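What follows is chain A paired twice: with chain B in the first complex and chain C in the second.
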Partner chain A sequence: MTAQAPPTPRSSGQAPAGAGRAAAGWSSRTRAAVARPWLLLAPALLVLAVLLLWPLVRVFLFSLQDYGLREITTGEPNWIGLRNYGEILTAPELWTVVLPNTVGFAVLSVAGTVAFGTAVAVLLASLGPFWRTVTSSAIMAAWAMPAVTGTYVWVWIFDADRGVFNDTLMNLGLLDDPTNWFTNRWTFYAIVLLNVIHHGFPFVAVTVLAGLLGVPKEMLEAAEMDGAGAFRRFFSIVVPQLRQVFAVVIILSTIWDFKVFAQVYLMPGGAGSNRSVLNLGVWSYVESFGQNRYGFGSAIAVLLTLLLLVITAVYVRTVLAEEER
Partner chain B sequence: MNRTMRRSVAVTTGAVVLAASVAACGSGGEGGGESADSLSVWIMQGTNPDADAFFDEVATAFEEETGATLDVQFVEWGDAHDRFVTSIAGGTTPDVAETGTTWTPEFADAGALAPLDEYVSDAGVTDDLVEGLVEAGTYDEQLYGMPWYAGVRSLVYNTEMFEQAGVEAPTTWDELEDAAAALKEEFPDKVAVAVPGDAEFTVYPWVWGAGGEVATLDGDTWTSHLDSPESQEGIAFWTGLATEGGYSSTGATTWRETDVLDAFAAGDVGMAVMGSWTPGAIVEANADMEGRFAAVPIPGKDGGIAPSVLGGSHLSMFETAQDKDLAWAFLEMMTTGEFAQQWAEQSGYFPGQVSLLDETLASTDPLVAPFAEQFVDGGASVPAAPTYGAVQAKLTTSTMMQSILSGEQDVATASAAAAEEMTKILNGAG
Partner chain C sequence: MSARRSTARQVAKGVLVALLLVFTLFPVYWMLNSSLDAQAGHTSSFWPAEPTLEHYTFVLTEGGFGGFLRNSLVVALATVLVSAVLALLASVAVARFRFRLRTQILMLVLIVQMVPLEALVIPLFVQVRDLQLLGTLLGLVVVYVALALPFGIWMLRGFVAAVPVELEEAAYLDGATWGRMFRSVLLPLVAPGLVATSIFSFITAWNEFIFAMTMLGGATESYTVAIGLRSFFGVHSNDWGAIMAASTIITVPVMIFFILVQRRLAAGLTSGAVKA
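Then we have the complex of A and B:
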């Protein structure tokens, strides 16, 4: 205790200094106080404005033009008002294929990633230090794998002629002839789902684990004394404690899974030759960059951004409303 | 990493865009603005393994002839299109560049390329250029791409499998089907003929071989004829080998040309439509295949040669070139005579000048002569429309093939949908 004594005089010595500054006039002090944080933030805000805001504005301006190679060459704008938006919203493909695929996939993969990631986190929390290190290293490997590499591995597994999956099924006698799993919309997305969950769960597991370790042990012990089983303890004590962690994890996963591109584009038939598996990412790429229609692509990007903002806003509000109750 | 990767990709893209625009400002006028004693050139990387030495030699010869120095930059195929677009936007295009055959009309349409007809006729080589490449480099009745080099796809077959099954290389469609049936009988676990779903250039020979057309230009309007009776007959024959004969494999429904090559190199395929540049890659992938495969020109329905797309490159002159005569001097040196021949030999492609092909045609190599025959007598071009790249990006033909091969649509329905889509995109109403 005596060792901690010295700081006390120093901190009490600060009080007079503060009082001295208070004497130096009201208005200039307030102005300085208001301006100081903004001055300190200015460099960062400037960088953000250049890197984020200006491109966003440009994308919006492009979205109001029929902007192609010719416009790039001549540098002349070609305003067409909201016609790009009209074309997007009236495209039959968007409503029958692209959006159902994107939204359905996002819902399933967010649910799958969060559920599986949480289960793994619970497992990790219950392990001893040695096995926790081993297991988390293993899941980190899944996380560290680039999306492109991971996708090719899944493609090889499900390859019609030489894939392990078909081979196994045929050896077990469950399948007579090889099946091409990539031509059917449902099996195609089942494979994408495996790929994305496998890729995304480590992030959820690690984040939730951090939250789990912060849940007070006393509460769990008290609940156990009161006779609550493992499931009851998890859903009634742990989950409410982790509400914010789940909010972050779900919002981020939703944004990522909405924008999934490489995992679909690189699959056989996923680049557009199998029209029934188009999702928003691939569709917008094919329709805009493939056709040199940069204005059309910008309009899709603007709509996607708005959509994700709405989803995020609604979700954040729900979470906050529950907090207040 | 996945999560952070995606974010860092976004950040990097932003940074690259920024850097690119800064660079564009900084180096304004790099292309045409300089004095005429130097010529800037972009060449695609990877075609010729020994490109550095080749261009050292060209530079020496060029300086001797014109007194100007040569500044050659190598560009990756993968980001070349973006680089062209950015430099066209910034007015920083090189004086001369290698342009892939399907890009030439696109860049010509954007007003970036200079027409070459006068130079070509002054040089007296008008009638000595490979027709398919001239066709591909012509936009609005003017030549914008000087034929440089190209390859062609023919029918490549596994000689060992053919011998065991007791069949000869086919010269008509009936013979091809009989050969496929015999191969399937002898090798039930192998692919008798690979009918890939995601490889448009393997489809068009059958369309043309039956007398059909992919698309034609009438005045200002393109019309796709993939749904004409002749085209449908060709498509029906080619896909029928898979859907009716069962001579292909279910996996091939989503194969690209690289997958065909892998399977062929593994010795699992009897015959397939493959490029003149693939024999080296096949042997490299599997040394056992050396001497065990050969090629024949793709047969027409009742014999003869079915046309096949010439895939290759033009050399194009950009409008930003200040000294166009100097640029032409380089074009002529590269695309005709000694250097054109040397480039073709080193890269394993065919030169774009007909008179240089005589020697190649006289070859008896089973992996050279048939391709050369196909190249000269059965070379064709995809529609030379500036919008053809958009058709390729939309995968119109592959969509048709996959829906037929997977059994979702019949030939009539799928080809009608493809023709409608292609016509619409070709006329710029994507």
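Then we have the complex of A and C:
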């Protein structure tokens, strides 16, 4: 991996600027060197503060209000305390529909993406250079497909009247009448799952492949001499070696899969008309922009953010632990 | 016996590779196939039953997709320019200087990447509305710069850190100022990383959907490609040939870019996770 960042303990604020200079003007130069990182950071920090941090504070403030069209136009606050949260947590919809659709889906898609991606990486590692190039180029094509167009292609493939999936099943005699797969919650999410795995496994495959190629050949050969089978070698040598890689891949996939929005919203019925397929993100969006209940939608968004923050904390710790080693 | 076993292995591997290729490429193939078939939406056939380019000409002329493409291009290029400059400066700061709060800033950069867009879309909608930028491309650029920035800083930081400090010190010994060193030593060496980061920002802006949908609303003339696509959906029936032709036009540049930067992108995403 080319972009791997080696730690640079020798670069300190003062050292480069002061190296090889005469003692005259030292203090002003030191001050410039201390200020320099902050000058470099200032524009980026300003953008992050105004466009990411302040909105995050604001979404929390909105979530404590009955914030609707009137509040947006007048700008006057309308505090109601934690009532939005109370309404969300007591809504039967949350426990029977939204949370299972969010958490259950994330668990299944992370498991599917990581398992499939790893299997593909193992297959790629065993191929010669020609077929490895061919296959990884095909994988890149799947990865590069934008979520919006990718979702439309899957919708078209599974289209009730004219889709190739129904047509093929009917031609094979497995299906008598065209079925609308988008109305049923389970088949709806099966299609989302297929879409998300198809789009997400290339990242896992490419990353795990890079890790696999770094596992010392001698260790595998020694294990083979000792009579360890292929499965044994994989789970006893390769997996422990790639612990860190798997940690990052699993956590990043989890974060991405909790946030699926376009893949659900753009499906037939996914934009709120079919309440049984709502997930946290889509629920927040349709309550806000569909019902003009921005405060209620904000409260849902805050809950989703908290959920992700917990996962992120794990991610940050994993990455930092690796950098300190 | 071992010869037969290895042949069986080769065959099994071949079958697996074939299945994998079919699974990965089928959606792309189906998109192209439908976009080139005059019969798309009437009969489904595995190759164009009546090959034609009419979906493409329809989309680009009557469909108004040319305008959407121009809007997307303007937004994406503006996002790339602004976010590349900001990210480069910030990444030099965090990669080359040790200062108080450095770790905290790095953490912040990591954490903001995880914030779901659904949480940002409500306050940013209100903010952009207060600035009276709803329905304008400028409003979108402002938001996209913020979305592309954290990842850009995180990725560029690796590229900057990979430039040997000795080169910088040699420049100072030759009497260069910090600014001169930045221009003549650091910038050329970080250029490949800058290209990769820029391509990533381009793709972010090009593909983005939820903000474009929310902020542009009914302003059809400023639609970007990702939401312009929706205009081909009818109330009762969808013009699948046109939708697939437009999807192909959106996807092709992204795919070309992606193949150009695939290695660096994967490396940047996991920098620190994979030992070289």
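The rule is simple: the second predicted complex is superposed on the first by the 258 of 325 C-alpha atoms of A that agree within 3 Å, B and C clash if a C-alpha of one lies under 4 Å from a C-alpha of the other, contacts with A are read in each partner's own complex, and residues count from 1 in each chain.
Note that a contact is a pair of C-beta atoms (placed from the backbone, for glycine too) under 8 Å apart; a residue touches a chain by one contact, two chains touch by 3 or more.
All values reported here derive from a predicted model rather than from experimental measurement.
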item	value
First (chain B), second (chain C), both or neither touched by A:Arg275	first
Partner touching more residues of chain A, whether chain B or chain C	C
Contacts of A:Ala223 with chain B and chain C, given as first, second, both or neither	neither
First (chain B), second (chain C), both or neither touched by A:Leu108	neither
Which of chain B and chain C A:Pro43 touches, first, second, both or neither	second
Partner chain(s) touched by A:Ala125 [first = chain B, second = chain C, both, neither]	neither
Partner chain in contact with A:Pro146 - chain B first, chain C second, else both or neither	both
Partner chain in contact with A:Val239 - chain B first, chain C second, else both or neither	neither
Partner chain in contact with A:Leu193 - chain B first, chain C second, else both or neither	neither
Partner chain(s) touched by A:Asn292 [first = chain B, second = chain C, both, neither]	first
Doubly contacted chain A residues - partners chain C and chain B	51-52, 55, 72, 75, 143-147, 150, 159, 162, 203, 252, 259, 289
Residues on chain C engaged by chain A in the complex (per definition of touch)	13, 16-17, 20-21, 23-25, 27-28, 30-31, 34, 41-42, 44, 46, 85-87, 89-90, 92-99, 102, 105, 107-112, 114-127, 129-130, 142-143, 145-146, 149-150, 153, 155, 157-159, 161-162, 165, 168-169, 172-173, 178, 193, 203, 206-207, 209-210, 214, 226, 229, 238, 240, 243-244, 247, 250-251, 254-255, 257-259, 262-264, 266-276
Residue numbers on chain B that touch chain A, as the complex places them	1-3, 5-6, 11, 14-15, 17-18, 85, 88-89, 106, 109-112, 197-198, 249-251, 253-255, 263, 268, 389-390, 392-395, 398-399, 401-402, 406, 408, 425, 430
Touching residues on chain A, where the partner in the complex is chain B	50-52, 55, 69-70, 72-75, 143-147, 150, 159-162, 177-180, 182-183, 199-200, 203, 252, 256, 259, 268-269, 271-275, 286-287, 289-293
Complex contact set, residues of chain A against chain C	1-8, 10-13, 16-17, 19-20, 34, 36-38, 40-41, 43-45, 47-48, 51-56, 58-59, 62, 72, 75, 120, 123, 126-127, 131, 134-135, 137-150, 152-154, 156-157, 159, 162-164, 167-168, 198, 202-203, 206-207, 210-211, 214, 244-245, 247-249, 252, 255, 258-259, 261-262, 265-266, 280-281, 284-285, 288-289, 294, 297-298, 301-302, 304-305, 308-309, 311-312, 315-316, 319, 322-323
